[in-house]
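Look for chain A in each of the two complexes below; its partner is chain B in the first and chain C in the second.
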Partner chain A sequence: MYEVIAFYTFSLLTIALFGVVVISKNALYSMSALAGGMIFIAGFFFMLEAEFLGVVQIIVYTGAVMALYAFGMMFFDTTKEVRERVHAQKVIYTLAILVAVCVVFIVSGPIVGQKMQALYPSIEGVGNIQMVGLLLFTKYLVVFELAAIMLLVAMISGILLVSDRMNLDLTLKDEDDKEREMI
Partner chain B sequence: MIGLAHYLVLSGILFSIGLFGVMKRKNLLMLFFSTEILLNAVNIGFVAVGRFYGDMSGQIFAFFIIAVAASEVAVGLGLIVLWYKRTGSIDLDSLQMMKG
Partner chain C sequence: MGEMAIVIETVIKAITVLAVVAGMAAFATYIERKVLAFMQRRLGPMHVGPHGILQLAADGIKLFTKEDIVPQNSIKPIFKIAPVIAPASAFTAMAAVPFFPEFTLFGYTVHPIIADINVGILFVMGVASVGMYAPLLAGMSSVNKWALLGAARTVIQLLSFEVVTGLSILAPLMMIGSLSLIDINDYQMGGVGSWLAWKQPLAFVLFMIAGFAETNRTPFDLIEVESEVVSGYATDYSGMRWGLFFVGEYANMITVSFLVSIIFLGGYNPIWFIPGGLAILLKISFFIFLFLWVRAAWPHVRPDQLMWLCWKVLMPLALLNILLTGIVLI
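== the complex of A and B ==
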């Protein structure tokens, strides 16, 4: 009973908030609505007994990603309304609805058709976080390490792209100054 | 009772909201927000399927999708800031430099 109430509440709130994100003219409202929607999605994860993922969702999405967006929006003028040229409105609505129907069929097709076999079934008496750790450090170790490298590359590229002195070679700068002084 | 179909339909609805945003919005920042919605919708689907079939792989994949989303935001936001400094606009129409 509680699960049903929670599911419908969370789904209504998530759909409404994400609708605000897509429709709103103000970038600040969009960002706040997106942060709220992420929190409610974490609620779904808790309902699905994926506690670790729910906590990661709150920390990474509403903590890190939203803070990054807020930081990035300091560069833009967010107080004025976003003006966009609109054209082919009807085409977009039709395409969105058609795609929605297609996606529902594609996703639910194989479920109805045949029985699936669990590749890595969860063991009785082992908690969710323990199980995630077990899989992450045995079966998916290489992917985990690659994800770490990818995050490192993303961090370095983010720093380099936003910093002002991107076109200068930072390591050669001292020598250049010395040469200039000698001249 | 809430079954797998409920979660999958919800995931489809959220995915189409995100797709609608990607098609409708012309602001690059809004495009990024819509991409986040898409990734989150897929995450819900993965975790729901994993839960109802007793499989842990769904959660692991959702975990990696979150990592991909985080790095995408870092790189993409850097590129947007760079583009804004260069042209003073983050409208998608200002990116049509190669238009013949």
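== the complex of A and C ==
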């Protein structure tokens, strides 16, 4: 019974918060709701006894949404409302609703048809982390390593894009100039 | 019936932890003022009660009865939520910390841990770092230059220390082979010689430094340092809202002290003639004292120095430590 209560509480909270993310025009509200929603999703993992994934969800999204806040801080005045210029509203809404309905069918189809089977059912007595590790380093090794390389590529290109004046230390340079002027 | 008993037990444990830790956090403010005073050759609070011990009550009354000011142009809902996040996440993190060894009360074995999950240490660290949202949201919602600077520094701080915490803890975990804090504690059962601090001294120091950054203590209290940004994220706060931030900070200090003692210093295993429960309390007290000692002795660092330290010194050291541990283990 408690699981049912927890499930409905978390689902309501998550849906409400993600609703705020989409509807609100204030960047600060949206980002805070996003952070909250991402953390509430971890609750579902805990209910499914996938504690490791739940904790990873919390850790990863804390840092990720935090970085998003940093961008929000740099690009917007977060206290004012953001004005969106939307053309062809009807088309966008129709497409979005259609896609959402499709996703619901794709996900819930196998559950309704009862054709869902675990390819790698969890073994009794083997912990969460061990199972994830086992699958990552045997069955999904190539995918795992490729994803790592992709992230590395993204990181290096990111550094390259901003590397114009990386050899100059900004804070030290300012002070040097000021000191020279003073002399 | 069985399920109901578990629920009641958990609720009682949660309330106990909340009450005791909140009390300890309040008491820590008094200790902090006394220790800092003695280190600076002053007396500290002296007038309220014997040696100023009732200063706590006076401060509490002051905080609760102070006018609650919400700035006119601030974003009010977020401004009001932000102070709650700090203590909420700090106390949630404690759910997975085993405080004491098991003991029997009226013929009933009590496990002094609220939720014994397999990934205890990750849970504690992850949820504790969610607490950094409190200064971030506070700084961004109160429309104030200093607060915004404090919020920007919060982001810098989180992105710097989180990598170091994670990587430094990895080497000891490789030796133990489990993420459960109880297993980590049991790994060091063989007395003082088996403490992980001797086998992983580098990881111990790195984790301690990252702990200081996580709890915003001097030398890394750059998000609220008075000499640079007035009071940082808390500039616009007053009364109990301001107090909540500090309940969260002290609760976090206690959590970090528990984590360090359990992971590196043998946890609640008995030492010689000292029983386990007392041993861990002594260790906690020492670490709380260390936090205060460092505050009295060390200057602040600048944000760029913090980033330099975390990314260019501590992270490579942590990686090196993992590599060496791996080679030794193989």
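Heads up, the rule we're going with is that the second predicted complex is superposed on the first by the 124 of 183 C-alpha atoms of A that agree within 3 Å, B and C clash if a C-alpha of one lies under 4 Å from a C-alpha of the other, contacts with A are read in each partner's own complex, and residues count from 1 in each chain.
Criterion: contacts are C-beta pairs under 8 Å (C-beta built on N, C-alpha and C of every residue); 3 or more make two chains touch, one makes a residue touch a chain.
Only a predicted model underlies this, so the values are computations on that prediction, with no experimental measurement involved.
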**OP:** Go through the superposed model and pick first if A:129 touches only chain B, second if only chain C, both, or neither.
**Re:** second
**OP:** Examine A:32 and indicate which partner it touches, taking first as chain B and second as chain C; both and neither are also allowed.
**Re:** second
**OP:** Once the structures are superposed on A, label A:16 by its partner contacts, choosing first (chain B), second (chain C), both or neither.
**Re:** neither
**OP:** Figure out whether A:52 sits in contact with chain B (first) or chain C (second), or with both, or with neither.
**Re:** both
Original post:
Touch check for A:69: first (chain B), second (chain C), both, or neither?
Top reply: both
**OP:** Pick one for A:162: touches chain B only (first), chain C only (second), both, or neither.
**Re:** first
**OP:** Check the contacts made with chain A and report whether chain B or chain C touches more of its residues.
**Re:** B
Original post:
Which parts of chain A are touched by chain B and by chain C alike?
Top reply: 52, 56, 69, 73, 128
Original post:
Which residues of chain A touch chain B in their complex?
Top reply: 3-4, 7, 11, 14-15, 18-19, 21-22, 27, 30-31, 34, 37-38, 41, 44-45, 48-50, 52-53, 56-57, 60-61, 64-65, 68-69, 72-73, 75-76, 82, 84-85, 92-93, 95-97, 99-100, 103-104, 107-108, 111, 116, 118-122, 128, 131-132, 135-136, 140, 143, 147, 150-151, 153-155, 157-162
**OP:** Spell out the part of chain A that touches chain C in their complex, as residue ranges.
**Re:** 2, 26, 28-29, 32, 35, 39, 46, 51-52, 55-56, 58-59, 62-63, 66-67, 69-70, 73, 78-79, 127-129, 171
**OP:** In the complex, go through chain C and note every residue touching chain A.
**Re:** 3, 7, 73-75, 77-78, 81, 117-119, 122-123, 125-127, 129-130, 132-133, 136-137, 140-141, 143, 148, 151-152, 155, 158-159, 162, 166, 179, 302, 304
**OP:** Give every residue of chain B touching chain A within the complex, in rising order.
**Re:** 1-2, 4-21, 23-27, 29-30, 32-34, 36-37, 40, 43-45, 47-51, 53-57, 59-60, 62-64, 66-75, 77-82, 84-85, 90-91, 93
